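What follows is a structure written as structure tokens; I'll ask about it next.
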Amino acid sequence: MFFRTNHLQFDAKPERPDPVFAKMLQEPLGGQWGEISVMMTYLFQGWNCRGPAKYKDMIMDIGTEEIAHVEMLATMIARLLETSPVETQEDAAKNSAVAAVLGGARVEDAILAGMNPQHAIVSGSGAMPSDSVGYPWNAKYTIASGNLLADFRFNVTAESQGRLQVSRLFNLTEDPGVKKMLAYMIARDTMHQNQWLAAIQELEADGLEETPCPSNFPQSMEDQRVSYQFWNCSGGTESAEGRWASGTTPDGKGQFEYLAEPKPMTDDMGMLGQVDPRLYGTPAMPVPKDAKK
Amino acid sequence: MFFRTNHLQFDAKPERPDPVFAKMLQEPLGGQWGEISVMMTYLFQGWNCRGPAKYKDMIMDIGTEEIAHVEMLATMIARLLETSPVETQEDAAKNSAVAAVLGGARVEDAILAGMNPQHAIVSGSGAMPSDSVGYPWNAKYTIASGNLLADFRFNVTAESQGRLQVSRLFNLTEDPGVKKMLAYMIARDTMHQNQWLAAIQELEADGLEETPCPSNFPQSMEDQRVSYQFWNCSGGTESAEGRWASGTTPDGKGQFEYLAEPKPMTDDMGMLGQVDPRLYGTPAMPVPKDAKK
Amino acid sequence: MFFRTNHLQFDAKPERPDPVFAKMLQEPLGGQWGEISVMMTYLFQGWNCRGPAKYKDMIMDIGTEEIAHVEMLATMIARLLETSPVETQEDAAKNSAVAAVLGGARVEDAILAGMNPQHAIVSGSGAMPSDSVGYPWNAKYTIASGNLLADFRFNVTAESQGRLQVSRLFNLTEDPGVKKMLAYMIARDTMHQNQWLAAIQELEADGLEETPCPSNFPQSMEDQRVSYQFWNCSGGTESAEGRWASGTTPDGKGQFEYLAEPKPMTDDMGMLGQVDPRLYGTPAMPVPKDAKK
Amino acid sequence: MFFRTNHLQFDAKPERPDPVFAKMLQEPLGGQWGEISVMMTYLFQGWNCRGPAKYKDMIMDIGTEEIAHVEMLATMIARLLETSPVETQEDAAKNSAVAAVLGGARVEDAILAGMNPQHAIVSGSGAMPSDSVGYPWNAKYTIASGNLLADFRFNVTAESQGRLQVSRLFNLTEDPGVKKMLAYMIARDTMHQNQWLAAIQELEADGLEETPCPSNFPQSMEDQRVSYQFWNCSGGTESAEGRWASGTTPDGKGQFEYLAEPKPMTDDMGMLGQVDPRLYGTPAMPVPKDAKK
Amino acid sequence: MFFRTNHLQFDAKPERPDPVFAKMLQEPLGGQWGEISVMMTYLFQGWNCRGPAKYKDMIMDIGTEEIAHVEMLATMIARLLETSPVETQEDAAKNSAVAAVLGGARVEDAILAGMNPQHAIVSGSGAMPSDSVGYPWNAKYTIASGNLLADFRFNVTAESQGRLQVSRLFNLTEDPGVKKMLAYMIARDTMHQNQWLAAIQELEADGLEETPCPSNFPQSMEDQRVSYQFWNCSGGTESAEGRWASGTTPDGKGQFEYLAEPKPMTDDMGMLGQVDPRLYGTPAMPVPKDAKK
Amino acid sequence: MFFRTNHLQFDAKPERPDPVFAKMLQEPLGGQWGEISVMMTYLFQGWNCRGPAKYKDMIMDIGTEEIAHVEMLATMIARLLETSPVETQEDAAKNSAVAAVLGGARVEDAILAGMNPQHAIVSGSGAMPSDSVGYPWNAKYTIASGNLLADFRFNVTAESQGRLQVSRLFNLTEDPGVKKMLAYMIARDTMHQNQWLAAIQELEADGLEETPCPSNFPQSMEDQRVSYQFWNCSGGTESAEGRWASGTTPDGKGQFEYLAEPKPMTDDMGMLGQVDPRLYGTPAMPVPKDAKK
């Protein structure tokens, strides 16, 4: 079970409100590659883990840490939305767009400047579990397959896409308080990329998983004629130049073969048979109307 | 632009109908890690590619091949749904569940035995772009970030999750025709895992990307105090035993540090300020009713 | 504004409960082509109508009638779910699947036989605004474009898909009460297909719309070289045999032309330029790390 | 930030596997009124809270507890899915449906008996953040408006719907281990219904909120002619008999008035004007074709 | 069944177009707490009602009234979108943002000023069944559980969240025609909050329902050790100060107990067993490769 | 299976970047009536086709062509997003909104001017498979029912809605390169409307389908009393004036009949019976508490 301390993991204080950036910062909170996604992904991977205890414990460590990242972002967004209608009303009247960006604008001006209207109408200046265009987070972003190699590869991806998005956002704000928190999160993503890459090495060292994943499916049962063939299905020939076109394969088990002009391996043209006429699909020949029911 | 030959890439002929397995086989067609997902992901990565031409060409090769995989699965599912209401009506009367599994059952019996009712009501014995519980495919399964390392890592994941699911399905059918096609698809996933792993090596060899991704964000700007720290946020101590807890990090740039008893790094308790009273959020103190508007 | 009488439009009484068919009957209630879809589509088309009053009134007539169809289906489904746990407990013990289909089974047996578990857990034996696999209705099924020809064509489609699905369901039940209601709904769909086809004729007679839709976009501004060309992009040659390959086009404004071997009309290969390096997309050439920010 | 102990909050051990009940138990985990919903709802209400500290602290207490409920359910489901393919293979051959329900069946038999196929194909015998028909959890189930009265009323609802669903599930299993955990969760829901009802009393006692909510919007600005009128828009007259038709209103500020035959309060018939012809909506009169662009 | 009069329930005439506010006004139309939600919720609660007739009739009364509210909002939005491209073209050229807000702007300018582009491209100046960020309404917003207390509590919530959102919007427009309609809708929400609160009192007076809901589940079967315990799972101690921490519980059946330092009630650590190796989950120990299939 | 040439089907080169128009152009790419929808719809209709070969071949021709349309739009959008941060920085400082529209603005300015922030944060200046408000494409936009008449009617609709949207967009840009491509796409939609109308004629000529669809359901089994009746359910009388109110019906099988004052055809008032008390629905009479379990 879980407990919470009163303190955030790290500072989440913007220098001033910025409702438009608050909208953008929803992406790493409630977007596909945001903190809710990694929190839920790691927690479910941990709860479902049937592998050795060190993996389960490690996964739960990071899953629990991610709840704190959700917390930091939610807090930051709520603070970026603290528009103060009174003090800056005059400035806002002059140039609403600029005022909104600088913070301190009236809500109505901020919406015109690009604020998410649901931050006013729905959440009342609070963070929402949705992304930068207002699309709600959904559980398809949670990946937990029971196979740790497949899942750790996803986790490396998630930390890569996440770090990429936060790095982009780092460049789209000038607020030192926001930048400070983002720099912290980028550093944690550096750690977590390394952590999952290390975990993959550990899985292999423990003899539990290897490429191709899942490694316990016997390769003798796959159609080995095509296990290491590159099929050149588009017009260009540049694809012959890469590491993927020749040489030993990364799993160490084969040699890449380049098919410059691939052909279908069957004479099956996908023609279908007829089915139950009571479903009223269009058949190959007209059906007598009195033949039914 | 695209052209199509009349032949499938490979055989997609079941020995006999099996509407329940047809439902399950929707997962690698229209599920999160199914063929539509990789088809769309690779096509969008290719169309959006701004990297060297060999990458764009290679991505388009595989993206184009995946359309053929969608085609094979759709054809197989349509054939598994070819229930023939007349011949087997008597057998079906005896034991509808068994008849449905063996194929040849009436539609109504097949639904009772676990067929997806939409295969009858909506698609009329045709394949659907949805998964094994009938949830429709959606474009959030398409990943194309503009950063090839982040995306190739996703691709490795997709081929791992995909191969995992098809391997499971391989064990859940006895139909030799179905098994033959799945064995082909598993082999292609073996190739594609290797292909993307090789592509990551190529990116690194070309000096374009490396860990941590995105590699062009200067690490000097991240909060380097925590770039290589493991935070033990859950109860267990087993997480200290892994490759992720000590030693050189996989990116070769740091040393893992294990924080056995991590603490918040701030005294920020996340308390929020007051906002525009015209949004009627509950404030810290009662608001006089005549103070508004 | 709207008023309701106490009576249904037509009988909605099954002879006996059938929780599995209740699940299937969700499709014409809350599915993509179900009654909620046409109700909402017609109401929004009517409310948004800027055309002549006879169209708006006609649309509102049918939109209002459809609310009654939703009502009939919801009532029928709620009655099909009236499992009675006491009386048939003994029979159910003998053969739960059969009992569930015949009606009168215990809830737990009905779920095993294929009942939607949410009919028990979520709605407590009530109808739900979702389809036959439990996917919730959503407003993307509502079409109202402001152009009546485009929308009436959709309406013809909706009444066709809807009549198709109800006809299929008619064959999947033996209950006379259910069949009676479905026969009524199929007849209304016959009317409504005819109604929308007549409305399209009326639009053309009034000089408001014609093919190609929207007819007010001047065809002189489209790329008329390809306005009536058939492009044979797949392998077969059978497509040359149809009405679409030669002769006067249905809009009476052109002649079909069959391109047996179509070619790209441009030398544009879709190569992209470079963009803001602060977004960390993979560029064509390595970016010096100290060049950013 | 958050920490986790290694122990669950309460026992989550079934006596034996039951993959069909595992499917049903997904409803209180990942369904609309499940534990993920209350976990996320309370956490976001707490993080966004701008009211007095006691409220924020109370909300965070229960939000943190709910993570443990998610954990218990996920663990229980994973255990209910522990099919053992070897030992019971013979029994399963005899009667697959019964075997699946009793536990210990082969995966393929369990799917035929009604198991969610994604529990095999996607999660590999693990819990998923989705509901009993496989629909993924989404963040629209998270409610945090900034107004504590509106939100606490939602919370009372959530604990009511949640307790209702778990009570139904309690009756649909005979497994003593499952029943034990559900009895615990039902008791916590009893507490939480009381907790939120008490919190509403506290809000009113503190002078922060009252009916109608939001109480700070001045009622003098609403259209007070209709603030306490009951409109009888459907056929029946039974609605005149209830507490809502006469007497003092619950907010103590008005008297219910019953309109037996309500009429529209306007002569506005909703006719619309014409708009930009470049949008090609169907206008009231034909548009000359050469009038555009 | 249903009938419609030609008149709206109340005036829905803005003084001038305002495409940006039209976007915002989509929230109470097609948002989670908008009029479509209450319309559908009340209609389904009524159709599924198995309680006394006065409840069913009352629910249908308000459900039918809500269709008229959807109608008013749709009409208002369509009118707010009546951009007139000709007259104000010159003013618009000077300052497009201001022109858009004042109304009368060209469509292209209005989009730049924050208009929802789908109001032009998709609906052609018509209302849409989606919310203020364009997310489509879905049926998960419809709640009908079969238990009237659980559902009436939801209804109180819906009228509270709805009134809150409309009150916020009332402050974000200066248009007298819009304000007039919103004032009407706020008043109806006042009524409906009172109506549902009265209905809850009636349910209790009739002996049909009480707290905890569902009241027919025997409390003797819940785990009564924790039925009235407050668990302090987060760091603060302020939660001890509220009405929820001590004294008689609102249901009158217990005494609140405050657990300052709660502990897990089990030694269950959630470790899982091994499952079918043919699902290729990562096991606790390596699986020999030739052991499968 | 499929192959790709390196060239686009037609030019997709804008004269200059325009990130706001890029957002709008997402509608015909990833919106409900966009190119992904027709691509997927036609491909699935073709793969599932059980009718004569000429239909299957024709459907696959157009389905394959549509992939190229997706490609053109994706390329165009990626090029419209090619903001160049360096050269125009000075101009942008002067007037960011204008600069963004003209192209060449900095990303941060473009977002303020109305660019979709996900085009920066998520796709890094690439196209996305989502619509103009960022809602992801989903497979419910794919229609393939097995009945070719029902589906071809949908296809006519899709090409009408699609041509309508592209025509609107044609008016919302001044860029000659964009207009050139849109003029090409509008022309192809002209062809495709004609193609599907011709295909409907062919189906009828072949004796395969006719109105009412599905034509193989015997009309003698529908409730023929109401097969050609117009029900006037709303207040107006204008609906009596149209083609749909009198005369021979378009299917040539009946005469329209106008019911000016329609009445319910049943005395069924939709009252429901009682169900299993273990589901805790509110019954018509109080349930004794000790009667359960």
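Observations on the model:
For clarity, chains are labelled A, B, C, D, E and F in written order, and residue numbers in each chain start from 1.
Keep in mind that, in the parts below, contacts are C-beta pairs under 8 Å (C-beta built on N, C-alpha and C of every residue); 3 or more make two chains touch, one makes a residue touch a chain.
Model, not experiment: these values are computed from the prediction.
Common neighbours of subunit C and subunit D, by the contact definition above: A, B, E, F.
Most remote chain with respect to subunit F, judged by CA-atom centres, is D. Our note on geometry: subunit A versus subunit B, Cα centroid distance of 11 Å, whole angstroms. Mean C-alpha position of subunit C lies 25 Å from that of subunit E.
Inter-chain centre distance (subunit A to subunit F, centres taken as mean C-alpha positions): 27 Å. Averaged Cα coordinates give subunit A a centre that lies 31 Å from the centre of subunit C. Each of residues 1-9, 32, 47-48, 50, 53, 55-56, 60, 64-65, 68, 71, 75, 78, 97, 107, 114, 120, 122, 124-126, 133-136, 138, 140, 145-147, 149, 164, 167-168, 214, 217, 221, 233-234, 236, 264, 270, 272-275, 278-281, 293 in subunit F touches at least two other chains. In the complex of the two chains, the subunit B residues touching subunit C come out as 1-7, 47-53, 55-56, 97, 107-108, 111-112, 114, 116-118, 120-122, 124, 133-136, 145-149, 203, 206-209, 214-218, 221.
Subunit C contributes residues 20, 23-24, 27, 31-33, 97, 101, 113-114, 131-135, 164-165, 168-169, 172, 233-236, 264, 270-275, 277, 279-284, 286-287, 289-290, 292-293 to its touches with subunit B in the complex. Residues of subunit A touching subunit D in their complex: 1-5, 7-9, 30, 36, 40, 43-44, 47-48, 50, 60, 64-65, 67-68, 70-71, 74-75, 78, 122-130, 136-140, 142, 144-147. Those residues of subunit D lying in contact with subunit F across their complex are 164, 167-168, 171, 278-280, 293. By the touch criterion stated above, subunit C contacts subunit F in their complex at residues 5-13, 32, 53-58, 60-65, 68, 71, 75, 78-79, 81-85, 106-107, 120, 124-126, 138, 140-141, 143, 145, 147, 149-150, 153-154, 156-157, 160-161, 163-164, 167, 170, 180, 183-184, 186-191, 193-195, 197-199, 201-202, 205, 211-214, 217, 219, 221-234, 236-239, 241-244, 249-251, 254, 256, 264-270, 272-276, 278-281.
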